[in-house]
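Across the two complexes that follow, subunit A remains constant while its partner is subunit B and subsequently subunit C.
Moving on to the complex of A and B:
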């Protein structure tokens, strides 16, 4: 790589890195050091006898939350990209309207309703939450995969065929890299939705950052709600910034 | 090299290419031309099977292309389209290396080949290797596109309106480079365009299509002089036919030995002569001006001719700079010949003096030597 190119990459990489790093450090510090803030919460909520959620450590809750988001996003992304790829191939093109509307229907269900349906089937806890989140995060991935692949110019594809690439080589070397920015934008939306929605998993017994939130709502403890909400919000912002930077790597000036 | 036999393409009952039979010989620069929708692009794309043919047969070096594995066939055929065909996420070097990489050449061989091609197209490898396509000008991107098509040294080069998206000035530069590359490599080229001037400046043979049918397949000068029908005549355009003819004549065909300053006597009235410096470069022209027979005109770089220049360009310089003769110089700027109005009128020299370096390329592949009858009006 030439110095000019790597310099350009470096410069664009450093843009906004400060904000991301600052917020990331803040997120880790709050997760590990929420206990240190007990005097603050005591001062803010003098009427509450127990203003710090202590039934579980925030580190455990954060890891559980990340686990839920990671597993459900992995499922959404795998199924979403596979479906998007399938309907943009000649063999699957006729299924595109069906797949698109199925994914859209998946998103019109409120996640709470999906949870309610999933609990009798999958029991309480982790599994129904994963089902609900995966279903909910599917649409942006499918839609953006289809859009991204369709934005690859026909001339580019023709040039690839004309130069003797096989369908597989065209997909891997040309179509996917060129569609990647749009696909990652879809994954970004899906992950951000799931970070927020994972909190309601706690209503069916899945451990997450929603656990103190629900506990706070049940016991009318605003301090619990703030602690959970701040961490979830911060996590969503950090993830969003990180994805934005990932997207930028796949921009080729055109 | 490439034979089309009864080539036919029908889309939904409509015949877009209708029973075309023609042969592009080895080393030929064949141009498919015609109005839009005439089937020229479709014909081209059937050669590398981007479009399947409905009937007929195409052979490449005697082999029926239908019998070859399609990817293998395409790697044997260079393919260049408008600059948008470059892969936007790959560097210039990687774009050029597309087919060699598919053919799994060793890395050092690919690198050497990329450098060689970039040099051939006047792109400094150090400066351009790592640039992305969007950082290139239209002309540079187009050069990369042609370099990519040539990378694996294909037997045949197919070009689909490659210069359609660049400005007229760049287009002329690219056309000149294309002529040079064709001379250097001797490749068989099939080139699609709708621009008759482009066809006349590049082709050794022109195939004129209309409504999917082949109207005439002929060498450019012959097509101008002897059009098959009114459609051909109209398509070529009659108004500047003479200038078009000149665009197919080259200075080296019409140049003659320069008249140099006589050692002892004054030149005869009405004659002219060149003054040269001690390195043999022309410095001034005495005479040969209509406005003032005795004038001495300083030779400027802008009105010097080269052997590869078209007579159209030479005439243009004569008119613009108001001289009756141009000095013809070699690569070092040395005066080797002169060309004047006698060349514009199509009169060849009694003494042919092609410079030694040009002797081998004076006649382009696939083209017979120009004869005096070239200029004969129809």
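Moving on to the complex of A and C:
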């Protein structure tokens, strides 16, 4: 790589960090200080009698939203990586075509429909949302774990074996580090989808940033809608940028 | 000696065996159906032992034994065992529906008219496992596309026959469907109209943008990062954020309002769907065009083709499979996003889902959710077929490389 090129890469990376930090600060500030903006919303929507969602603080809603996404992503990532590892080992190789096509077909299911189908199984509230988010988030993680591990060249594995490494060592020191970028890309897709689906989770009774948004849609209160939508949109963008940086950290030889 | 051609293993197909065990556990342990006094109360579980008639239980046992034999692959050729699995899977599919419908007929004959019978989790497990058995056997057998399509048609015929006869009509969800029949057709058409209405402008904008990204590398990064932001934003947030500006616009311009544009309804839904569809279309158009080998372009130029001819007769035909895969992504995505659009009053099958969630009427929820899933899977399958057909034939590929 030429020095000029690497310098440009470095500069664009630091610019990316700037955008991420700015938006992150904005997200925190809006979450904590939405109340301070009440005069603005009052001026924008004079016909709305109470232009600030006050049934719950935005901090609580944000924490509930993050909780939903964190719990479901933790479940998706641990099961997804375990499943991906199983089907790429000799013992589970036979299951790979089945698991891959299951992950591909499952991802065509609309997330909102999956969420709705979880209701008869688990009732209303936190549980069906967690089930739907975990199941749906599982698929990109499995798919990318399989892809990532399968792209490790056989010669690399052979070389490691020739060096006397055990299967376990090859997995930890060679395969997983080489596949990590693709696996993280899968986790990124999963988390971004889950941030969006958790918003719709408020229609099945889970508290999230979607709660003011849906309340605004039901009562025709544009201010609530904007407050919820801006926060959840900002959250998704910040998460996406953060994952982009994380992915870049794991790119080798690029 | 048939065993000599493959390493001797006790179980030839462990995937199939896992699925057979799943069927057994599901049917043995989970409720197959549920019976409720009316539409809104939750029902009492009915196990398969009660719901299946004796001959149905015997058939189930027989089919599972056949599948276990197919899984062992002992003394059978691979072809035979996969064929056996495919045939037995068709039997399981039919049995699942026949048992459920039969139970509903018998149980409701002596119950009050408001009583409702609905499918339980064992029904879903059996249906799901049957589908996977079919996928596994088809993956292993690798029949020619025509045979594959024929098998899918037979399976589909069984399902259609179950739904068009009176077999399933006493089921709760089918009674909900009968009540909503007119609405259902309207909302389904509305759903499809929204999807088609969004895809056409998305293609009209996205294809030229993809070409632009190919021709002007400088514009590429900026274009992709802007479009990527839309893909990242949660759909409901985009729908929500479009309401205020569109409402203001409609208030300011009466002719727009007369066209039906407003803060809620189809207008914000269509705009959001177009925005979501742009990135996959632009990205795939760019990738398809960039994938055309420089040598091919050189050859076309050498033959004296104009740049317009090269674009239409060389680049686009070669890029078509990749462009169509982009169309496949956005079609499936748009079918799913339109569900959410029901929240801003755009209608579509999502309307049943959210209405059902509001009333805690599970059948209404399923009446919206199941058809959307079927729609997405069918669209995916159909476009996959289109992508495969648009690929240049293998012989041609061999010559160009």
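Please note the rule applied: the second predicted complex is superposed on the first by the 237 of 254 C-alpha atoms of A that agree within 3 Å, B and C clash if a C-alpha of one lies under 4 Å from a C-alpha of the other, contacts with A are read in each partner's own complex, and residues count from 1 in each chain.
Note that a contact is a pair of C-beta atoms (placed from the backbone, for glycine too) under 8 Å apart; a residue touches a chain by one contact, two chains touch by 3 or more.
Note that the structure is predicted; figures quoted are calculated from it, not measured.
**Q** Subunit B or subunit C: which reaches more residues on subunit A?
**A** The partner that reaches more residues of subunit A in the superposed model: C.
**Q** Just to be sure I read the superposition right, which of the two partners does A:199 touch: subunit B = first, subunit C = second, or both, or neither?
**A** second
**Q** Touch test for A:155: subunit B only (first), subunit C only (second), both, or neither?
**A** first
**Q** Per the contact definition in the header, classify A:225: touching subunit B only (first), subunit C only (second), both, or neither.
**A** A:225 sits against subunit C, while subunit B stays out of touch.
**Q** Is A:43 touching anything from subunit B or subunit C once the two structures are fitted on A? First, second, both or neither.
**A** Touch partners of A:43: none, neither subunit B nor subunit C.
**Q** Check the residue A:120 against both partner chains and state whether it touches subunit B (first), subunit C (second), both, or neither.
**A** second
**Q** With the two structures laid over each other on chain A, which partner does A:95 touch: subunit B (first), subunit C (second), both, or neither?
**A** Second partner only, subunit C.
**Q** Should A:111 be classified as contacting the first partner (subunit B), the second (subunit C), both, or neither?
**A** second
**Q** What residues of subunit C sit close enough to touch subunit A in their complex?
**A** Going through subunit C, the ones touching subunit A are 13-15, 18, 121, 132, 135-136, 139, 228-229, 232-238, 240-241, 243-244, 247, 263, 332, 335-337, 339-340, 343-344, 350, 353-354, 356-357, 360, 362, 365-366, 368-370, 372-373, 376-377, 379-380.
**Q** So in the complex, which bits of subunit A are touching subunit B?
**A** Touch list, subunit A to subunit B: 1-2, 4-5, 153, 155-156, 158-166, 169, 173-174, 177-178, 250, 252-254.
**Q** Can you list the subunit B residues touching subunit A in their complex?
**A** Of all residues in subunit B, those touching subunit A are 48, 50, 71-75, 79, 81-82, 84-89, 91, 98-99, 102, 129-135, 148-149, 158.
**Q** Report the residues of subunit A in contact with subunit C in the complex, numbered from low to high.
**A** So the residues of subunit A in touch with subunit C come to 94-95, 97-98, 101-102, 105, 108-114, 116-117, 119-121, 124, 192, 195-197, 199-200, 203-204, 210, 213-214, 216-217, 222, 225-226, 228-230, 232-233, 236-237, 240.
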